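Alright, structures below, take your time with them.
First chain A sits with chain B, and in the next complex the same chain sits with chain C.
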Partner chain A sequence: MEKISCLMMGNQAIVRGAIEAGVKVAAGYPGTPSSEIIDTLSKTAPDIYTEWSVNEKVALEVAAAGSFAGLRSLAVMKQPGVNVAADFLMHLALSGTRAGMVLVAADDPGALSSINEGDTRLYSKLMGIPLLEPGNFQEALEMTKWAFELSEKLKSLVILRTVTRLSHASGNVITGEIKKEAKKAYFEFNGNMLDPLTGIVTTIPVSVKHSLQHEKLQQAGEIFESSVFNTYVGPENPELLIITSSICNLYAKEAVDVLNLDSKVAILKLGTTWPLPSKLIQACIQKTKQILFVEEIQPFVEENIKVLSAGFPDKFGPKAYFGKLSGHIPMTGELNPDLVIKSLEQIFTLELRAFSSSYKKKADKTLENCTPAREISFCPGCPHRASFFTINKVLKLDNRNGFTCGDIGCYSLGILPGGFSTIKTLHAMGSGTGLASGFGKLSQFGMDQPVISVCGDSTFFHSGIPPLVNAVHNESNLTMVILDNSGTAMTGFQPHPGLSTGTGGEPAPEVDIEQVCKAMGAATCICDPFDLKKTENILLELLKKKGVNVLILRQICTLSPEKKGKKYFNILIDEQKCKGEDCGCNRICTRIFSCPGLIWNKEKNKTMINDILCTGCGVCTQICPADAIKAKAC
Partner chain B sequence: MTLLGPEELSQQVLDKGLCTLCGACANLCPYIKAHNNKIITLFTCDRTQGRCYAHCPKVGIPLKNISQSYKAQSYTENPIGKFIKIVKAKKGRNASEGNFQNSGVVSSLIIFAMEKELIDAALLTGTQGIKPVPVLARDKDSVLECAGSKYIASPVLSMMAEISDSGVEKLGVVGTPCQITALSQMRQNPLELDDFKDHTTLSIGLFCTWALDSEKFIQYLSKRTDISSIQSMDIPPPPAEELIVKLENSVKKFPLQEIRKFKLPGCEICADMTSELSDISVGALEGFDGWNTLIIRSKKGERLVNEAVEQNYIEIGSLPDRCFDNLLKGAGNKKKQAAQKCRELGMLDDDFNKPASLNGRQTITGIA
Partner chain C sequence: MISKKLKHDPYNLIITGVGGQGNVMSSRIIGNMLSSSGFYVTIGETFGASQRGGSVMSHVRVSSKNVLSPQIPLGMAHMVVSLEPVEAIRVLSSYGNPDVKVICNTQPTHPIGVISGRLDYPSQEKIEKSLKDLSSRTWLFNATNIAMGIGDPIFANIIMAGALSAAKELPLDKNNFKTSMETQFSADKIKQNLMAFDHGINMVNSQ
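Right, the complex of A and B next:
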C-alpha cells in the first residue's frame, strides 16, 4: 500500500497509530490537551467502540475490560485525569493486561489549560509501568502503534505521554497500513489463576504479581536498549550532550541549530523513558564530559540518570550535569527553544541573547493597540457570567461573609475579576462540593459563614455526586449550584450522562441531574440564570435554609452547536437614557458586568453594543439601572 | 469638608461599624443596597465622589453649614438646636385613635399635613413582624399602621430614590436625628446634580439617644420570647432601667443594661439627640404620661402646629422649666460624649477626610 504523508496534529497522529494497531476499544474523559483523540476516533472509526466515560477512572476500567476480553484498547486522559484513575491504574499495573492496552496521558507543561502542572511520568516509576514519549509527530503515530505490541508482549499496560505542544501542534506524518483483524471479544477466566491469559485477572497474590511486574519492567528495559525511538545525533565526542525527551527534542534541535553548535553538541533523544535504557545512556554519556537535561515539568530523566550514575560510578565517571537541578533549565513552566538557547549560552558563555529586552518592548508596543484592554472573562452571552453576578450579589446581600468553592470547567474563571472574584477555593474536579461539605460541618466551632459550591453538569457526573452524597448523609449545610450548560463545554461539547446523545451522536438514555439530587435527599430546584431577579430570590432563600440545597442553573452554552449564532434578542442602547459617566452607575455594564458584547465609547460617553460579539442573551438589560439597554425580540 | 466616594465611605464608616442605618447612601446606584436592615456594598465602585459619601451623617457633616444654607439660620450652640418654640403636646380630640407610643402627636401631625395637602405622602418606619421597614404612607390608615417607637434601626432614607420616581411631589419624612441630618444633606444636592429635585416639604424629627442592631436584638428577643406575639415596646424615661415588651396576653421586662449591648456603635458618635435640622421635633416627656415634648423649629413647622391646634388635631401646653432643663442637660451630655468618641476615633483630625488610596480598586475596562 502506498504510504501517504499528511499534515496531522499530534493527537491525530496518535489516533492514526491506534487505528493502524487495530485498536477496538477506546475510552476517555475530555480534558485539554487530550480531547481530540476520542473525538476523532468517534468520528472516523465507527467499527471501534469509543466512549466518553463518566470520568477517567471509569475510562481506564472500560478500556481494561477490552484488553481482558482480548481486544486492543486505549484509554485517554489529561494528566489530572491520571490522578483520578490512579487507584485503578496501580492495580492494573500489578494485575497486568492481555491484549495490547495503552494509556495516552496528555500533560500540560505551563498549565496552559489546567490549574496544575502534573507530570505523568512519575506514575510510571511509582507504579511500574513502561513509558514512551514521542519526540515528534511521526513518532506520535509510530510509538502509539508500537506501544500496543509492547503491551501485548509484556502483558502490561503501556503509558504514552504526550504534551500540549505535541498534541496540538501539527507536522507531516507518513501513515502506515491499518491492521484489519476481526476479533471476537471473550473473557477467559477458567485457566490457572496465575496464567495471565486464561486465569482470573487480579493483583493477588501480591508477592507473586509484584515480582512478575518487576520482571516485565526488566524485560522492557532490555527491549528499550535497542529501541529505534532512542536516537543519538551529533559528533562522536561532543563537548556537551543534551539528553531530552518528548517535544523538548525539537526545542533542543532548534537551539543547537540557531547557535551553530552542531559540531560541539550532541542530542540523545529518549523515546523510552521508563525504565531507562541504562546501557545506551552509559555509552552516550561516556562520549562527553558535560550533560544538559532538557525536559519539562519534573527533572524525571535528570534524576533517574543521576541515580544510574551513582550505581555505576566507573562507567559514568565524573561529569558536569546541567538541568533543572543546576538552575540551567527552569524548574516550572513550559520550555521553548529560547529557554534552551539561554541555557546553552550560559554553558558555552556565548554573547548571542535568545531575545533582547528591547525587542520584547518593541513587540509589546506594536501589539498595544491591537487587543482590547480587558481582563480574562467569559464569552459574550455566557450563562456563567449571569450566574456568578447573582451568586456574588447574593453572598453580599446575605451579609455573613459567605463564600463559593469552585470547581473545574469554564466556570473556574469565577476566581478572576471577570467572574467577579466569586470563587475562593479551586482544586480538583468535584473538590468544590467536597470542601463545601467540610466547611458546612464547622458550625460547632463557631463558623457561621454560608457556603456555596459551584459544579458544572459534566463535573457533577464526573465527581460531584460523591461529595453531595457525603454532605447529605453527614448533615452538612451547603448550597450546591450546578451550572448546567448542557455539555462538557470547555473541551468542545462532548456529551455526558445528563444528555440524550451518546459519544458518537447517537440517542442515549439521559440521567436527570434534578432527579439524582432529589433522590439523594437534597432540596433541589431549577432556575434560568438569565433571569437575574428570580435566581437572586431563590438563592437568597436557599442560603437561609439549613441542610443540603441544590440549585440547578440551567442555560445552554452560547457556543454550543445548538445555540451558536442564534440570537434571542437584538440589544439596543437608548442613548437618551444612557448618561455614561454622568450616571450614578459608574459604568456597571462595561466596568463590572463586562460582557465583551458591551463597548464603552469614551468619546460619546455612552455604552454601545458590539453587534458582532453580542449574542442577544438580554442579561445586560437587567443590569442597567437607567433602563438604557433594551432588548427587542429577533 | 471634602466630598469623597464609596471607598472612603466603606473605610471611614461601613467597615468600622459606625453606620446607623439612615439609608441615605443606599439604592442610589447599583453598588450600595439596603437589604434586611443592613447596608451592603455589592461590587467595587471606584468613583472619587459620590452621593453615598456626601449624604452620610457619620463622615463629619458640618451641621453649621447645612443649617445656614438650608434653613437660612445660623447654628446655635444650644444643645437642642435652633427652635422657635418648645411645648408639651398630645393628640387632639379630632385626631384618629391608634396604637401610639405616647401621645400620638407625630401621627396626628402627619395625618393633618396630608389632609391640608401640605404633603401627599409620608416616609415613615413601619414594621414586618417586629422588624422595622421603610414605608411610604399615602393615606391615614397607612400612617396609623406605622405608629409607635421601633428602637431598631431601619434604613428609611433608602426609599428616597424610589420615591423621587414615584410621582410624589410633596413628601413628609419622619426620622431619627441621623436620618434627618442625612435628609437635610440630601436636600442640599451636595454634588450639584442637574436633575436633582427636592420633593421634601416637611420633616418631623424624633428624639433619639441610640438605636438597636436589628439582627442581634431580634435574635436576643426571639430566644426569650415569642416575637410573633409582640404588640409594642417601650423604654420609659429614667429612672426606669428597662425595656417593656407588650405581648398579646402579658408584659415582659428586660433590663436596659442587657439591651444596650445591641446598640449601634455609630450612635456613640452622634451629637444630635433632638433632630436639630427638622421642621418639628418630637420626643418623650418625663413625668407627664400621655404627653410629648414638641420643638417647633421652622416657620413652616410653626404654621402646621398652630393650624393643628386650632383644628384640634393636637393639643399643646407649656413645658415645665424642669423638663426643659433636663432636655438641655440630656442633649448637652450627648454632644459631649459624641465629641469625646469622635476624638478617640480620630474623626476630628485634620486628615480624617482624606481620599483613600487607589490601590486595590477593581476596575475592569470594557474596551479602551
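Right, the complex of A and C next:
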C-alpha cells in the first residue's frame, strides 16, 4: 500500500466522505447500524450543523431545508426510519433538491439489531430516487462524496444504502482532501415557479414534476453506465457471471477465492443499483451463459435485470439465472461467504468443501454438552428488569388477563423470558400505545382485559405522542408506562427532547414528558421503578381506573455515561438467612428475577453476588422474602 | 512496505466473549496495530441492540494483499482469543479446525439460564479438556482476576491482547501497542493498559 491508510468503520468512512464533500447540515434519528454517523459528525465536525431530530421524518425535513437554502446536507437513519420518513421522502423525490442532498439508509439483513428485515432499495424504485450501494470501506467514503455531486447535478435526492456488515465492520481507507468552502444559507423563492433553483419548492404541478423526475432518472442511468463504482473482474468469457452489490461483493470474492474458481467465474459488482446501468449489464451478460445474483434481503437486482432481459431479448438471449428466485441464495437472513460457496458448489456440482468431519463432530458434541445457551437479557441493574418485574406481578394480582403492548428500545426484550415474557405485541416505534388505544376501545364487544403499553422516553417523543392524544380524545382505556431511562440508551445514549443537553452536549431546553402528558389530559404520575412496592401499588390502582393513565417510571440507565460505575449500594448475602432451595421462595431472586449480578451456587445451595457484574441497584434486596440480601450504602 | 510476514495470508483471528467485556475495543486495538504496520485489516463485528450479556464475536482478518469479507468462512479460524470460556467453545464449533490455537480467559460469566438453574455451566476441568481437544495449542489463565488487581475487570481485554502478542502468531509487539494506545488514551490510562498488556505477555510466556 503506497498511500497511508487508516482503519475505519464503514460508518466512519461515510462520515469522512460527507466531510470531504463539504456537508453543512446533517440530521438523523438513532438506530443501529446507522447511529455512529451523526454521533461522529457531532463530535468531530463543529462547523457542521448536526442534529438528532425527534424522528426520521423530521430529520429528512431538517436536512432538506439545508439543501433548499443552498447547503449540502445529509439525512441518516436505519431502514425502519425510512418507513417513518417515507411520506416526506416521496414528496421530496418529486419536488427535487438544490444543493447536494444524500439520504444514508442503513439496512440490517438478518435483523441483527432490528425486528424486521426491510430493504430500502425498493424505495428507490417506488419513489424514483437514484441509489448507490458501497461494496467496500473505501467505496463507502468515495461514494458518499460522489453522491453529493450526483445529487447536485440531478437536483434530486440520492440514497446511499449501507448494511450492518459494512457500517459496523472496519477496513482500510485512504482519505482525500476536505472541501473547505464558506457558504451563506439563503432560500431563494422569487424566481419562476418552475425554476428548480429560484422558484418555490413543491411537487405541483404534479404532471410536470413527475415528468421531470423521470428525466432525472434517465440522466442518472446514463451517468451510471460509465460509473467507476461498477466493476467487472474475471475472465472475458466466464462460465458463470456473479452479479452482486453492497458487502455481498466481498462475500462473492471470498467464495470464488476459496473454491479456486477465478478462471471460471467473473464478478460484476454494481455500485449504482437504481436505475440500473442497462447497457453495461447487457454487455456483461453477453459474455456468459449463466448468471448468479448475490444480494441480501429482496431479489432487487435479480428481478430488475430480468425485467431488462424481457425488454432486450436479442441482447440478453437465453440464459440460466440463479439467485433467490431459483433457491440458490436464501430468501431471508444475511449472506456470508459460506452461503455463496454453497451456491457455487451447487451450480458447478462441486464436492462439498472438505472439513475435518471428525473435528466438526467432536466440536458439535462439545457444544451440545458443554455450552449453555446465552439468552439475551437486561443488563445487571437495568431499571427495565425492575419495571417489568412489577408490571408482570401487577397484571397477575389484577387477575383479569391483562397484557402489555411493547415498543422499540432495550425494553423490547420484555418479550423474552429475561423480561418475564411481559410484552405480548411488538411492532414499530410508537405502535404499542396505538395498539393499546385500539384495545382500550373494545369493551363494547365484551373485552374486559386491562391494557398496558410501555414506551421509552426517546420513543415517546419519536412517535408515542400521537397515539396518546388519540387515546385521550377517543376516550380509550389504557395505562401507558413510560420507561424513562434518561437517554436513547440502546443506540448509545443520544440525547432527546426530554433532556437538557443537545446533540453536541450543549445545554438545550427540555420538553417535560410529565407536563406534556398532563396537558393532554392524561392522569400522570412518576415513580422510581427501583422502589418495587410503591410502583406496584400505583400501577395496581391505575389498572382499576378508567380512562388514559400515564405512569412515568424514571430511573437512569445503569450504563449511561452519567451513571456508569456508580453503585447505589453494596449488596451482600447473609448466608445464615439464605436457605436456597429449602427456603420455599422458589429461589425468586435467581430463578425468577434472574439478574446477571446474581450467582446461583448449587453446591452451597445459596445465592451469591457476582461482584464483577452487580451494579448495586438494590432491587433484589426487596424481593427476598427471607431478608437474606442486604444493601449497604456505598 | 510491509516488513513483517504473516504465518497465513489471510490470517483469521476471532475475538469472542460476552457483550460488555470490551470485545470491540480489543479488536479495534489489535486491528489498528496491524493496520499501522501496513497490513490490510478487516474487522467484522455486530453490536448495538442489547448485545450486552449476549455472545459476541469479532472477526479480525489480516492480509498483505487485499481487503477481505468481514465474515470468516466456517472452519477457517487460525486463532481464537476468548474473554469467556464457554464462548471459546461456541466459536470453535463453527470456525474451529484441528490446527486452530486458543487463548482463553477462564473467568466464567454465567448466562441467565445458569443463574436460574435451567442450564448447567461446565466445570473448569471439562472446559479445559474440551478446549485442548479442539485446538492444537491452548493458553488458559484467569485474566479477569489479574485485571481486578490492576483496578478494573475491563482490563482483561488488554491482557488478552498482550497474550496474543506473546503467542507470536501475529506481528504484534509492545511498542506497537504503546503507539496505538497513545493515539487513543490519556497518559494515566496508558500506564494501566501497558501493565495489563505485560501481564498478558507473562501469562503466555510462562505456559
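Quick note on the criterion: the second predicted complex is superposed on the first by the 608 of 634 C-alpha atoms of A that agree within 3 Å, B and C clash if a C-alpha of one lies under 4 Å from a C-alpha of the other, contacts with A are read in each partner's own complex, and residues count from 1 in each chain.
Note that in this section a residue touches a chain if its C-beta (ideal position, glycine included) is under 8 Å from a C-beta of that chain, and two chains touch if they have at least 3 such contacts.
Since the model is a prediction, treat every value here as computed from it, not as a measurement.
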Quick one: classify A:A633 as touching chain B (first), chain C (second), both or neither.
neither
Counting only touches as set out at the top, which of chain B and chain C does A:A310 meet: first, second, both, neither?
neither
After superposing on the shared chain, does chain C or chain B touch more chain A residues?
C
Applying the document's definition of touch, where does A:L7 land relative to chain B and chain C: first, second, both, or neither?
second
When the two structures are overlaid on chain A, which partner does A:R374 contact: first (chain B), second (chain C), both, or neither?
both
Classify the contacts of A:I599 with the two partner chains as first (chain B alone), second (chain C alone), both, or neither.
both
Looking at the overlay, does A:F420 come into contact with chain B only (first), chain C only (second), both, or neither?
first
Please indicate which partner A:S113 is in contact with in the superposed arrangement: first for chain B, second for chain C, both, or neither.
second
Once the shared chain is lined up, is A:R591 touching chain B (first), chain C (second), both, or neither of them?
both
By the touch definition at the top of the document, which applies to A:A182: first (chain B), second (chain C), both, or neither?
neither
Using the superposition described at the top, list the residues of chain A that contact chain B and also contact chain C.
372-375, 377, 417-418, 587, 590-592, 594, 596, 598-600, 602, 610
Once bound in the complex, which stretches of chain C touch chain A?
18, 20, 28, 31-32, 35, 38, 40-55, 67-75, 86-87, 89-90, 92-93, 96-98, 107, 109-117, 119-122, 126-127, 130, 133-134, 144, 148, 153
Where on chain A does chain B make contact in their complex?
372-375, 377, 392-393, 396-397, 399, 417-418, 420-421, 584-592, 594, 596, 598-600, 602, 607, 610, 623, 625
Taking the touch rule as given, give the residues of chain A at its contact with chain C in the complex, in rising order.
1, 5-7, 32-33, 35, 112-114, 136-138, 164-166, 168-172, 247, 250-251, 253-254, 258, 336-338, 341, 355-356, 359-360, 362-364, 366-367, 369-379, 410, 412-413, 417-418, 490-491, 559, 587, 590-592, 594-596, 598-600, 602, 610, 612-613
Can you list the chain B residues touching chain A in their complex?
28-31, 33, 35-36, 38, 40-47, 50-51, 362-368
